[in-house]
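Read from first to last, the chains carry the letters A, B, C, D, E and F; within each, the first residue is number 1.
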Amino acid sequence: MILPSRKVPRVGLLIGRFQPFHYGHLAAIRFAVEHVDYLYVVVSSAQKNNEFDDPFTASERISMIKDALDGSGLEPSKWMAIPMVDTPSLALWVAALNSIIPRFDVVFSNDPLALSLFRRYGVRVKSVPYFNRKLFSGANVRRRIGEGTAWESLVPVEAARLLKEFGCVRRIRTLSDKFVRPS
Amino acid sequence: MILPSRKVPRVGLLIGRFQPFHYGHLAAIRFAVEHVDYLYVVVSSAQKNNEFDDPFTASERISMIKDALDGSGLEPSKWMAIPMVDTPSLALWVAALNSIIPRFDVVFSNDPLALSLFRRYGVRVKSVPYFNRKLFSGANVRRRIGEGTAWESLVPVEAARLLKEFGCVRRIRTLSDKFVRPS
Amino acid sequence: MILPSRKVPRVGLLIGRFQPFHYGHLAAIRFAVEHVDYLYVVVSSAQKNNEFDDPFTASERISMIKDALDGSGLEPSKWMAIPMVDTPSLALWVAALNSIIPRFDVVFSNDPLALSLFRRYGVRVKSVPYFNRKLFSGANVRRRIGEGTAWESLVPVEAARLLKEFGCVRRIRTLSDKFVRPS
Amino acid sequence: MILPSRKVPRVGLLIGRFQPFHYGHLAAIRFAVEHVDYLYVVVSSAQKNNEFDDPFTASERISMIKDALDGSGLEPSKWMAIPMVDTPSLALWVAALNSIIPRFDVVFSNDPLALSLFRRYGVRVKSVPYFNRKLFSGANVRRRIGEGTAWESLVPVEAARLLKEFGCVRRIRTLSDKFVRPS
Amino acid sequence: MILPSRKVPRVGLLIGRFQPFHYGHLAAIRFAVEHVDYLYVVVSSAQKNNEFDDPFTASERISMIKDALDGSGLEPSKWMAIPMVDTPSLALWVAALNSIIPRFDVVFSNDPLALSLFRRYGVRVKSVPYFNRKLFSGANVRRRIGEGTAWESLVPVEAARLLKEFGCVRRIRTLSDKFVRPS
Amino acid sequence: MILPSRKVPRVGLLIGRFQPFHYGHLAAIRFAVEHVDYLYVVVSSAQKNNEFDDPFTASERISMIKDALDGSGLEPSKWMAIPMVDTPSLALWVAALNSIIPRFDVVFSNDPLALSLFRRYGVRVKSVPYFNRKLFSGANVRRRIGEGTAWESLVPVEAARLLKEFGCVRRIRTLSDKFVRPS
């Protein structure tokens, strides 16, 4: 009797800080899931929050990812979010990633440092087509939220709703003050 | 005009070390998903591995959870696994959990310490019916793997397959040696 | 028989880095102790020292606080200083504070980030009247010490005496050099 | 004109974990304050709590110390409690202590390791007369609380009252269970 | 013109805690340097000291290694000692080692855990002939020092001299007391 | 019978980040070894790498030091390199150094902060003659590598060869991009 071979799914990795989640992230995730059977969405610098460049907690960022991907019609069976804290030494970063994420075949990234770190470990890295990077970047969305200029059109509607629940305007303005430490 | 109210899903939390994933975990997760719309499965002590009581990495543990839950027919849209490292002070443990897991309504747990820590924060905790705890515990599965007595029937078939891929017998025997530190 | 009720004292918290202790701190503490029976003076970022914005150790800062408050005539039975190290994640900061400071009723603070963090935990925060903030700030005192312009009148006489014992001029000038790391 | 010399107060250090505060601690502190003008009471292993040998937070331990010393009639102007976290390397322990505690002249301790660490730095250490150590030790008080045998007479009345507020019986029994980690 | 090829030296790694350095270590190092051109002697758990199983600092351990190897006539041009602190996760241990030790070709080790960790990275591991392991082990030397039975013949004369300078008898007896923490 | 006295060698310490190793470092080491019998070359901030100001790992830095010193004809019996990670508090830095480096008599340094930290511990510090600091500094070598202007003549030939093996141009350009974090 011939047994059917167990097909090994093709697994990808996409890493971001998602401060906050915007349409550029959504486009990159959509691009990635077209190329793999399953995608791990790594929420990096997971320990950071309430800082000027990192206002949102991992909890808030995973909420935005989940609601936006669900809202986009992406199958929940195709992805999972995994938070990852920074390592004290960048030389440990890929090993740390490998120790928390199940086996993967390819990393989707345009980041030159991530690329350089992965390459030393022989990991395959695939670049992601840019999606109007000037407009759709975390820094730009944060800047606009802080300034009070239009930002809602840059993020999926589910992310916008959550950002308002998080009190994003007040939080970002608080952190742009000079007194960024609790005392 | 009357808008349809957005239904807020009921979200649960189930915490375990999953060293390794066994049928007791599967039963607890099945019990939990019957009571909530969505479940976060927290992989605690995520930084531990290659230690006597914690042989498997978070990567390996999430692999076992994912393959076993997929194999059990549980909808991928109902759950997500989240790794969580220990905090230096247990007084920070619930705050750390809150900072990485999206909003949840109830914790499924029988662990008296977790209960005691959650209660101080006013979190609702629901106990899980025991599932032959003497047989189905991580410690018992690890002991049997190390001894070479029957263990495969204690874990879902997908977990058993992965454990063999991980070289679980050799790993657990190595760690039960006296030389538990790398030198 | 009617027992006299045990009066629960009203306890406050005032947080600062005290780099160094100046008359603005003294005024804030005086304001606070008028509103509570007992005040915990939290010395934050306690692990920092010998850095440009944080030149003094917790030891030196507690010395300044103690000598200046004793010199000001404030009752020692009204306050205690507690050093607190930074947390790796700001989401853990209030929990960390709660785990080292005895129960308190109110926090005295004007800092928007501290306010925002406390508010999420339902802690009552009371603002402190400003005391010529431009002149009486740690940054201004440090700048003047480094430049060699008049600074002694900005700090209580006991703090000035200690700062000279600590070799504050030399230390601050050393740290304003480019070589802020030990090598 | 002859200025009166500023008398330098004699300062002592007494270190303990205070898990929980008992009459042995009170006797040691009373002994110490007879020999110095001011005493720093260092609450060591401040980051530990909810562990079998370290059930109480620094917050709870400082509460017990403060209420018991106030109740004993000891002048608040004679002492201050300072929490101190463990250092990753014991070779850094004395340096860490020096960096948070103001200048001191003598350490009161019977602990051979503390003695050995201090001696290398030339710190003067004075031993404390033992106060029925078998009965008055943290381990004995914790054991009795857990067993349900008489323990209240071993601690000052203020500490007993607080311990009951903290739910000490339940907490200690929870921690003596096998499930000492949150999962 | 033909250039002489630059010969690439063969480099080895030998890892130990050296608590303390004994003749078993010396024999292993002599074995290793016969097989390579250069040897890195890694002093692991470098952050540990003044603990029962790890009484000596990295400073003291490197002193013993250096004096004993110099005394043994081994060429200083053949080796270098490198201290290495433990990693929070063992999954990061090989990556951490690689980030501090220059390129090496082979690891000399009999330790099953080190072997298992290295094997996953494809590192060549060569076992070292045992040298009366029952007698020549750090644990046995420490036990004998503490008991006051003969130990000097188990370590090179230079290590014995240093151990006496370090006050090894007193230190080990102090640490075998029950009060292993500074308070 | 009169025994010959055991001559105690004079030991020095020279601390640097060596990002990368250049002729200024070589000149300083040569100066130092003329004044002592043995020199410990401390590679500070050993945990840093792949950052803009700290591109190279400790592994790479020790390789450069070793090859350049061997190439310069300096006796291997005269020195050893020791990597040292940063301490969370600078007040612990000298204690940490003492806990990993064997006894030393003098520190060679021109760094005002290192000087200030050592002085408090009574360590003798000797300044090193400057060697065209504007040209021969890590920052200048890194800047030139990134810009593509002449840099090879600033570093020993062995360091230049290794830097090219490390892909220094690409690495430094990658790190000078805005995306200095892995995501």
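Quick notes on this one:
Throughout what follows, a contact is a pair of C-beta atoms (placed from the backbone, for glycine too) under 8 Å apart; a residue touches a chain by one contact, two chains touch by 3 or more.
Remember, predicted model here, so these are calculated numbers, not experimental data.
Common neighbours of subunit B and subunit E (chains touching each): A, D.
For the pairs D-E and E-F, the larger set of C-beta contacts lies at E-F. Set against the Cα centre of subunit A, the chain with the most distant centre is D.
Ranked by separation of Cα centres from subunit C, the top chain is E. Per-chain CA centroids place subunit A at a distance of 46 Å from subunit D. Distance between chain centres (mean CA atoms), subunit A to subunit F: 38 Å.
Each chain gets one centre point, the mean of its Cα atoms, and the points for subunit D and subunit F are 43 Å apart. Among all residues of subunit F, those that touch two or more other chains are 49, 57, 89, 91, 98-99. If touching chains are joined by edges, the resulting network of the protein chains shown has some other shape, matching none of path, cycle, star or complete graph. Pairs of chains meeting the touch criterion are A-B, A-C, A-E, A-F, B-C, B-D, B-E, C-D, C-F, D-E, D-F, E-F. By the touch criterion stated above, subunit A contacts subunit C in their complex at residues 47-51, 57, 170-171, 174-175, 177, 179-183. Every residue of subunit F that touches subunit D in the complex is listed here, in rising order: 87, 89, 91-92, 94-96, 98-99.
Touching subunit C in their complex are the following residues of subunit D: 46, 49, 57-60, 62-63, 66, 75-77, 80-83, 85, 98-103.
Contacts from subunit B toward subunit D in the complex involve residues 15-17, 42, 44-45, 86, 88-91, 93, 111-117.
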